[in-house]
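Read from first to last, the chains carry the letters A, B and C; within each, the first residue is number 1.
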Amino acid sequence: MSRGIRRRFIFSTLGFAGVALAVILGAPLVGSTSIDLRRVFDSSIPVSENVDAQIFFVARLPRSLAGALVGATLASAGVIFQGLLRNPLATPFTLGISSGAALGAMLAITFGWSFAIAGITAVPLSSFAGSIGAVAIVYWLSVARQRGLSTSVLLLAGVTLNAFISALILFVQYFADFAETFRTLRWLMGDLDVSSFRPIVVALPLAVVAFAMFAMLPRALNLLSLGPDSAAARGVDIVRAQRTAFFSASLATGAAVSVGGPIGFVGIIVPHLVRLLVGSDHRIVLPASAFFGAAFLVACDTIARTIMAPVELPVGVITAVLGGPFFLWLLVRR
Amino acid sequence: MTMRTRPRLWVSLRFCVFAFTLWSAFSITSASQQPDTHPARIISLIPATTEMLFAIGAAPQVVAVGSFDAHPPEVQSLPRVGALLDPDVERILSLKPDLVIVYGTQLDLRQQLERAGIQQFSYKHGGLAGVTATIRALGARIGRVQEAERVATDIESRLTSIRRRMAGRPRPKTVLVFGRDRMSLQGIFASGGVGFLNDMLQTAGGDNVFADVKRESVQATSELILARSPDVILELRSSIDPDQAAAERAVWDTLAAVPAVRTGRVHMLADPSLMVPGPRVAHATELIAGALHSRSRGEGGGRGDGFNAELAENAKKRFEKPFASSALKSSLRPQPTSASEGR
Amino acid sequence: MLLSASNIVFSYEERSTTLRGVSVTCAPGDFVGILGPNGSGKTTLLRALGGLIRPASGAVRLDDVGLSKLGRAAAARRIAVVPQEIHPAFDYSVIEMVLMGRYPHLGRFALESPRDFEIARAALAATGTLELEDRLFSTLSGGEKQRVVIASALAQIEGQPGSYLLLDEPTASLDLGFQLEVASVVRKLAEERRIGLVLSTHDLNLAAGLCRTLVVLKAGEVIASGPTADVLTPALIRRLYGVESEIAPHPRTGRLVVVPISREAP
């Protein structure tokens, strides 16, 4: 079972990567409309007349890639937060990041902000700013009294901030009319229909930085999950590890939420499913979760946009419908 | 857990879903109680019914309105008593109304009014036919039968005349967008195959590409719009900054394969009357008809011949200068105002 | 090759000082017991020795180099700490738990080599838990868990001359059978491997039976230290707990046994 960590790492990572690749490339072939692949790649037809190509390249491919980016990011951020907080029930949203993002998005929607930077519009920009604000507040609270990050203070501060921001959201909602409220609600349920590669291209550098930081963490997370003293006693620089984990996972979550909205359950059920399959070693769990998260979210989104076509379900509904019962099963099983 | 840490938000948003579902599911207008005498103190919580009251000359009877009511200008001086989600019951009761016009899904409010022994008129959005039916029902309820009849008949005859003018003209396949995230193709909401927006589009001589979706609203993804290949994309706003109109319109250029984009028939139509199924629906329908059949690059259908030139001209003005007051004289009393969406 | 703490002062909060100038020295092969009532600063002293907290004044030195200068990983290769209890947040297998001890020996992206696996298995064998290798840690009994954690600590300091194992109340939560089991494992390590052991406990008989040297703490100060037989006297017990006692070598084992007699009149 535990022999040959190198082989387990390679098999698991390649296996999950293969599944992810298949789903990401397969998803654009499926949809409410049937398209002809030969027409899609037929360069003799002008783009403006090639509906099939536009459906593939404008509607579906960016959407599939956005799903992959958001899914991979949320799932691995979930792994990091669970390790950091030593709490298997933690999610990327536990510390208030999604509330901050929701507040930002809500302000942008309600007050009709229409600025844009680098082609990224007000709603994703404001949601990212909101998540950064929430992260900064939680971090400041958790280091206010001691040198390291106190995970219990982190949790408390996060949960409290969540409640506080939710109240602010209700306050902002008071200024929103019905249509705006409805649009905010839809934003909260997640939407990956980005219709362009731009949001992905802009979020990608953030995700790459975050993943590079993730790569340094798995062994430290293994030890942190034994408790900070045990980790320090085995040579982990816990202050640095916790700080790296907190900021990288927060940054990644903020970026993912700004692209796809706060899609729930990905950040908790994917890590748990992966642990059921490959054990708890973060060196294996982390890459596997990233790939499986991508595959899972893209698959959920494909279901969301096809199951009731032409009407589309919010992808958050699908992840919740699949994730909720699974999660309950996980709780009962223990 | 996500769910655990945002309980209040979720509860309130769930309520919104609930309300919206009901709003979408029903299309009935009903007067709920039999009047003994005609009410002298009326509160209306919904923009559409407020406009109806003023249109049928009930202005002296109206003592308070909902917080989103913006038309006619006289409402600005009236007390505001909340709206669909947040009716201020204490305020309502303290104004001692003898009739409150509520939305059908405001169940709590309705119970409280019932307990307080205050008469209510329950209203729900419906199609265009529902608008005139509601006007007549309201007239009957508050003792202004003749005025209501006059207003309703006027709306009907104007709608009929639009319909007649459009008969025999090509009917462009149209997406009627009433919500979209700023400067992006996300969060697009379009009219489905039922409701007053769909009815206005049909009357104005367009075919709704989402006619098969028997709901008031459809979240239209880019794929859906590409697949339905509309000839016209018509975006309705309460108001829009003229500088932004061009930029917002250009957002659609991404979908180059859509006929409407290819032929330049993407229109931004801004008018405060467009989203209110009240007495200004005929006016709104005329605006839509104007935009649907306005001159366009590269396509023959819906131009010049026999087309009401004044209408097209007015619609064009409206598009270019949405804040200009009443370029188009409505036969109804309300003047188009610059009152904008929300607050 | 000494691990020594000199004049350690430390406080968790500003008002109360936990350690007030404590000095301890341990050499390879030594077996030092830190004795004292609850709240006397035993665990804090152990954490200071392991470099887990930074004293306000005084210093912990390994081979005359300050722990804070040595660096976390370098210190961890020589000094392992076994906490009272470990509750991993996730389910690891026993071998994974032991391999985690190899952390300070591996580069950031390195995976454990076959040599690391050998070391881990040897450590399991030394604590009599090799047959548990593939079990999940959460399914073990208290005594098994404690031995596996000790194995992990052994894997951590394996192959380093002059290494130290710090055990915090290793038997506190165990029943009698497991207490003896863990005690015998620990004694063997000190005797056979020349590992310096520091063990904190409030169990007088455990300390009397195991440790060659005792350091007795009360309210953050050392009130006695030296060879066990010299330190452990009825006078000390009275001073520590206010209890009259008799201390005598056990007729069969020859180890000192403390028998409490009565609570001293106030």
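Here are a few things to note about the model shown:
Simple rule for what comes next: a contact is a pair of C-beta atoms (placed from the backbone, for glycine too) under 8 Å apart; a residue touches a chain by one contact, two chains touch by 3 or more.
Predicted model only: the values in this text are computed from it and were never measured.
Central chain by Cα centroid: A, whose mean Cα position is closest to the mean of all protein Cα atoms. Comparing the centres of all chains, each the average of its CA atoms, the largest separation from chain A belongs to C. Work out the mean CA point of chain A and of chain B, and you get 37 Å between them. Taking each chain's centre as the mean of its C-alpha atoms, chain A lies 43 Å from chain C.
Chain centres here are Cα means. That of chain B falls 76 Å from that of chain C. Annotation for chain A: no residues touch two or more other chains.
Within the complex, the chain A residues that touch chain C are 1-3, 5-6, 9, 82-83, 86-88, 215-216, 219, 222-223, 225-227, 229-230, 232-237, 275, 279-281, 283.
On chain B, the positions that touch chain A within their shared complex are 1-3, 5-9, 12-13, 16-17, 20, 68, 84-86, 178-179, 181-187, 189, 210, 212-213, 215, 218-219, 221-224, 226-227, 229, 244, 254-257, 262, 275, 341-343. On chain A, the positions that touch chain B within their shared complex are 31-33, 47-51, 53-55, 58-60, 89, 91, 93-94, 96, 98-99, 102, 108-110, 112-114, 116, 121-123, 158-159, 162-163, 166-167, 169-170, 173-188, 191, 193-196, 262, 264-265, 268, 305, 310-312. In the complex of the two chains, the chain C residues touching chain A come out as 47, 50-52, 72-73, 75-77, 79-81, 83, 86-93, 95-96, 99-101, 103-104, 106, 108-109, 111-112, 117, 133-134, 156.
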